[in-house]
Amino acid sequence: MYFHDKRLQYPVRVETPDPLFARQLQQAIGGVEGEIRVCLQYFFQAWGNRSPNPKYRDMLLHTATEEIGHIEMLATAVALNLEEAPLSLQESAAEANPVVSAVMGGERPRHVVEGMLQRHLLSSGLAAMPVNSDGVPFDCSHIYASGNLAGDMFANVAAEATGRVLATRLYNAAHDPGMKDMLSFLIARDTMHQQQWLAVIEETGGSAALPIPNSFDQSLEKQEFSYVFMGTDVNNVAPPEGRFNTGPSLDGKGQFSTIQSMPMGEVPVLGPARPASGAQAEQIGAAGVTKR
Amino acid sequence: MYFHDKRLQYPVRVETPDPLFARQLQQAIGGVEGEIRVCLQYFFQAWGNRSPNPKYRDMLLHTATEEIGHIEMLATAVALNLEEAPLSLQESAAEANPVVSAVMGGERPRHVVEGMLQRHLLSSGLAAMPVNSDGVPFDCSHIYASGNLAGDMFANVAAEATGRVLATRLYNAAHDPGMKDMLSFLIARDTMHQQQWLAVIEETGGSAALPIPNSFDQSLEKQEFSYVFMGTDVNNVAPPEGRFNTGPSLDGKGQFSTIQSMPMGEVPVLGPARPASGAQAEQIGAAGVTKR
Amino acid sequence: MYFHDKRLQYPVRVETPDPLFARQLQQAIGGVEGEIRVCLQYFFQAWGNRSPNPKYRDMLLHTATEEIGHIEMLATAVALNLEEAPLSLQESAAEANPVVSAVMGGERPRHVVEGMLQRHLLSSGLAAMPVNSDGVPFDCSHIYASGNLAGDMFANVAAEATGRVLATRLYNAAHDPGMKDMLSFLIARDTMHQQQWLAVIEETGGSAALPIPNSFDQSLEKQEFSYVFMGTDVNNVAPPEGRFNTGPSLDGKGQFSTIQSMPMGEVPVLGPARPASGAQAEQIGAAGVTKR
Amino acid sequence: MYFHDKRLQYPVRVETPDPLFARQLQQAIGGVEGEIRVCLQYFFQAWGNRSPNPKYRDMLLHTATEEIGHIEMLATAVALNLEEAPLSLQESAAEANPVVSAVMGGERPRHVVEGMLQRHLLSSGLAAMPVNSDGVPFDCSHIYASGNLAGDMFANVAAEATGRVLATRLYNAAHDPGMKDMLSFLIARDTMHQQQWLAVIEETGGSAALPIPNSFDQSLEKQEFSYVFMGTDVNNVAPPEGRFNTGPSLDGKGQFSTIQSMPMGEVPVLGPARPASGAQAEQIGAAGVTKR
Amino acid sequence: MYFHDKRLQYPVRVETPDPLFARQLQQAIGGVEGEIRVCLQYFFQAWGNRSPNPKYRDMLLHTATEEIGHIEMLATAVALNLEEAPLSLQESAAEANPVVSAVMGGERPRHVVEGMLQRHLLSSGLAAMPVNSDGVPFDCSHIYASGNLAGDMFANVAAEATGRVLATRLYNAAHDPGMKDMLSFLIARDTMHQQQWLAVIEETGGSAALPIPNSFDQSLEKQEFSYVFMGTDVNNVAPPEGRFNTGPSLDGKGQFSTIQSMPMGEVPVLGPARPASGAQAEQIGAAGVTKR
Amino acid sequence: MYFHDKRLQYPVRVETPDPLFARQLQQAIGGVEGEIRVCLQYFFQAWGNRSPNPKYRDMLLHTATEEIGHIEMLATAVALNLEEAPLSLQESAAEANPVVSAVMGGERPRHVVEGMLQRHLLSSGLAAMPVNSDGVPFDCSHIYASGNLAGDMFANVAAEATGRVLATRLYNAAHDPGMKDMLSFLIARDTMHQQQWLAVIEETGGSAALPIPNSFDQSLEKQEFSYVFMGTDVNNVAPPEGRFNTGPSLDGKGQFSTIQSMPMGEVPVLGPARPASGAQAEQIGAAGVTKR
């Protein structure tokens, strides 16, 4: 179960509110590379963890819980960046006040609104929403929790890698020192989390534990295709050479090689459509045509 | 650009059609661990690849193209498993033919229909659809192509890891020798693809190239938090010990340590709601209340 | 604006309630071939119709309004089919009453529940929902209203064609005489609606009005590719011959022919990744690597 | 920021695992009436709360944090109900062990699988997922946080009302004493949460604070239509009489009355399609037709 | 069944077309606070209404039917606001005509396009679509119809409250007198509809009918938790005092109190992963490891 | 199975990169009128084609394969249009370089960013994504493959009609000669594909093969309603006259006529809510009320 402290994990301050940056920050909240995703992903991995050893369940709970605080920081940052957003499309004496103009770099309110997520104005009352920077709501099909620990750890590394790529892009786009400071903290945490999941992979066997899942008897797979790079160039041009098709495989269980793809199967033949299946008579054959 | 051969990459045959297995196979077509996902993911990574070196673009095109053939094999397998599916809910002399009964293990047609994806009967005419095993359509937000090569490679390993986990689960659920044979081929290809993306990671620096992205100057992140495991246990119980919080970090740039999380920020304070922002008068303060 | 009559457009009665058939009927409500789709599609086409002539706007309003009544009929049919559905998974004296057993063909309640849409029990209180037969909610991206009258008419024919295919499949699956009667009415209306949209196409020029849109000056398109079937067989096997690649084109503006596809473009070259774009240093080139 | 305790808020135990009940419980996790929804809804309302008075922000944080623990309890319950689920579709000596048979009430494994969410077997490794009981992932468009406190409180009452309706349906469907005990706790909490949000409505003015938002000057609305029930019966049959169209309005600002709807506007006239807008030539008029 | 009148319920006119306002109006059509939602919500509540008394079914039909006309008004308003939208991104003599410039406040066409929903130009031919103001299609999971009348009434109040909040925000953003007039009508109707659903709640028992559903025997819930506010502050700081945790409960069945949350359950223990379940060998234990 | 050539089907070049046009092009990739849709639609129609005659399966494979190359061309065009996009919101010496300014027509970087899809900057590293021009991901529910050949052909014509409408809109919006050249090729291919699917309809019987499906015995439908236009005008105003309600039907099987819609059914009566179904006591009747 869970507890809260009203204070933030790390300070969030905005000197110059910018509704366009508020929009960009949404990607780190409700984007597929964002914090709702990693938070729920680590929670569902913990809650469904099956193992004789509770170690990773425990560890996942610590980090999942930390991530709620990251969503909170970003949601706060979005709201602070929306403080001065124009509520009307029409320039007027009231709207064109010097504060707004200074804040937004002298833009007319209409221009500021054009770059905003419209729902920041219309749906949330100038606050964060669980959507990405183009307004698409987060959907939980992105919570990867496969029941396989190693597969999940790679999914977590991928999530933190794209998460840190996003955070550095936001850092580069940002101009507010408070926002740069907040992002420098989140980037550091993404560094740690990348390391953390890779450390679990190392600890549970690293390359030698591949392929995932390692509980499937490899003698049951068609092993002649297990370490072969298949080229599909129509002119039979060889694929580029690289570590991925030369030398021993990384799991130490095979040698990489390269072949040109060729059909091993036949042209597939499905049965004709059946009489009551809603097809055209021609698809059914004699019976279907007779019916007309 | 692209070309086709009408034959399949590998043989697909079904001795005993089973509509419930057709449903399960849909996960490997339209599930997030499925083949549409990896196919489009590798294509978008190739098409958007920015690098002075075209090597990985080329390589991705070979494998993306191979994956179209895997969707085709699975779509064929679904259709073949649906050959004898009952079209009516009502048992009748015609329906209760001995072939159906033998095929379905003596089930009444109604029972067979209960376990089916209803849209196999109603929407596709007994053929595959781009949906998962519970009928949810694939949506392309799952195509991860971040513009960062290393991040994308980890996403690809994750995709092939969960893909192979799925394929082995289908193998274990299957009873038809043709289906087991087809899956043993797809499992082997997943083995190779896991290796292949890991080989790219090794080739481009491995752990030493971390954290991702390696083009961001790490002196700009709050480095005091870059290699620290943060515990969130309410009773201050220490997190479990593991490689993820002891010893040197995997990128060789720090030492793992552990601290208990504590708030470093303050209670966030947002401005009150503004007069024309659709809030309740109480949220706006004096001005809002006056307005009533 | 709109008015209602509490009575149904056509009688809906169910003699033998069947929760599995209730599930199948959902496809005709919330499926992409269903009635919510055509209803809203015709409304949005009418409301956005731009033309000097209001004729088709008027006509679309008549039919869109009729379709609300079809959703109503189907929603009623779903609710009636759910009248006797078991509310518990556990067989008990109360549950195993003779009425239920007779209704459901002697099934145990648990079996009946297995074949149901779970949300019929859990979310709607034994009533229809705007979802398809596998429980996926209808989403309005399926409302096709392109602003081009001819394009929209073809979209409408397609909707009514797949709609009538679905309705006949439901007819074939049904066993209740009331349900067969209701469906025989809806099938007839789908017949009319197919005819109706095709009549508009004929009335506005038929094949001679092609290609759509006919307001684009065809001399601006690369006309050497406008009537050519492009083969993509890797072995250069000729495509099958048919009306689609022989004889005059249907719009009377060209002659069909066939060629084998060949690349006319070059290998695409994108610029390298830029320094602040979140890529790996290797993708950026000299500048990126220096930065590390 | 947030903290956790590894223990559950309330005990979760399952005596007789039932994969079909695991499926039904998913509605309370990832359904729109479920716990992910209320948890994130209360968090986003708290994080975006704008008011001179922090009271409701604080209060929302307490309850949002409690709700994480409810998701955790339900996720645990799903996993426990899946403990004995069959992994193969084929009955075999191994599979048909007496334990399974006893557990599942003597069902053949195939039947048990038919009633399951397939992704419990194929995607999650016998654990909970953030999806509803028909497998549709939760999507965050259901997080209502409008920036208007009173509007949000009504949304919260609605969420807890449908949540408690769902919980009682699950209670009625359940047969396991552990599950009934867990649900009796969650039902009690839903009782409290309904009361809690209604208490905020009362505390901030109750009916007198209507209509929402109360910060909009009602003299700006067309007040002749503010308390009028509009009938749309085509035969001009009067609507049923009730509190909703007789007596003083609940906000004390008007008297309810009833009128028959009549068009007050004209037939809408849109401009014709413009020459470069992709319409058919007929829609454009003279210019468009000339162009052909 | 249903009927139409070609005229609008209330006049819709636009003096100064504004494509950015067209975009904002989309929220009232296809947003979750919009008119498609309430229209379909009231229809599905009516069509699925189960009760010995048909009164509320009848009443719901009247209002659902009215709402179709509101979608129609808004769709008309969107199309009228798009009349002069630029079709090209490039300024040219033709495009930079004085009418456009005057209409759009002297903006260059490119700027006007930047603020538009791109699909207004590309997909709909300058007409409304069933999407929200950021282009996300409406999805019918938002149609709340639970089968519980009181729960549905609260959902309806919530929908009309957020709907009126949205309408007042649009009123505040608007500058066109025709648009302000149209919105003043819709705001008045939202006032009525809020009242109307609250009147049903009052008429069916009001607070005394709580908790919802009132057909569940409260002695079956853990009543010691039914009226208790649970604090989750990590430092055991008491929650703020308010009506929600002091005094008698609103249903008159209990007294509010406050406690600090404490775990009552244990650390959950799931069984280990099973041999054929796709987990890593380490998760399975002895058997899994042996298998390698 | 499939093969590739690294070169593009047709040249793609961009002289003046424009991030706003990159956004618009996304509609042709991930929009419902776009190329991912037709590509996958033709593939699924081919892979699921049931017919004694393999001709159309073969033909569909050729065209589906061609379409992959169209996605590739458009993805390349998007990336090239994003080459110079600003990465920061803040104008600076570096950013305000003359190249950018010339390219973007002298705009400030902030303005350019306002018109962009934010995820082009934040998620893809300046490359194409499988989303539409407003950032909504493509979802595969739009892959129409009904199992009925004629229905599918109409769906294909509709897809290519709306596809060509979109392509001509993009042509009209474009200002870059390279983009206009690429679009002139794609428009020509859309011309051919419209013709191609219509040719199949002609070849398989044209109007005489209607209604779809033609394998359903028309004597089973209520034929008195099969060729009747039903008016729903509340004032009984006759619908406009047209080919759709006068003369012989297009399938030659009936005569069009017109009637005014009238209810043929009764007011529907559902059973009351059942005791354990989560309804309010009033909905259940005596039993429910007693229970309280």
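All chains are identified by letter, namely A, B, C, D, E and F, in their written order; residue positions are counted from 1 within each chain.
Methods note: a residue touches a chain if its C-beta (ideal position, glycine included) is under 8 Å from a C-beta of that chain, and two chains touch if they have at least 3 such contacts.
For clarity, every value in this text was computed on a predicted model and none was experimentally measured.
Listed here as common contacts of subunit D and subunit E: A, B, C, F. Counting C-beta pairs in contact across C-E and across C-F shows that the higher total falls to C-F.
Distance between chain centres (mean CA atoms), subunit B to subunit E: 30 Å. Multi-chain contact residues of subunit E, defined as those touching 2 or more other chains: 1-9, 32-33, 47-50, 58, 61-62, 65-66, 69, 76, 79, 87-88, 111, 114-115, 123, 125-127, 131, 134-137, 139, 141, 146-148, 150, 165-166, 168-169, 172, 212-213, 216, 232-234, 261, 263, 265, 267-268, 270-271, 273, 276-279. Taken as a contact graph, the chains are fully connected, with every chain touching every other chain.
Across the interface of their complex, subunit C is touched by residues 165-166, 168-169, 172, 234, 276-278 of subunit A. Residue ranges on subunit B touching subunit A, taken from their complex, read 3, 5-12, 32-33, 55, 58-59, 61-63, 65-66, 69, 73, 76, 79-80, 83, 87-88, 125-127, 136, 139, 141-142, 144, 146-148, 150-151, 154-155, 157-158, 161-162, 164-165, 168, 171, 184-185, 187-192, 194-200, 202-203, 207, 210-213, 216, 218, 220-234, 239-240, 242-245, 249-251, 256, 261, 263-268, 270-271, 273-274, 276-279. By the touch criterion stated above, subunit B contacts subunit F in their complex at residues 1-9, 30, 36, 40, 43-44, 47-50, 58, 61-62, 64-66, 68-69, 71-72, 75-76, 79, 123-131, 137-141, 143, 145-148. Within the complex, the subunit E residues that touch subunit F are 1-6, 47-54, 87-90, 110-111, 113-115, 117-119, 121-123, 125, 131, 134-137, 146-150, 204, 209, 212-217. The touching residues of subunit B, counted against subunit D in their complex, run 18, 20-21, 23-24, 27, 31-33, 105, 111, 114-115, 132-136, 165-166, 169-170, 172-175, 232-235, 261, 263, 265, 267-273, 275, 277-285, 288, 291-292.
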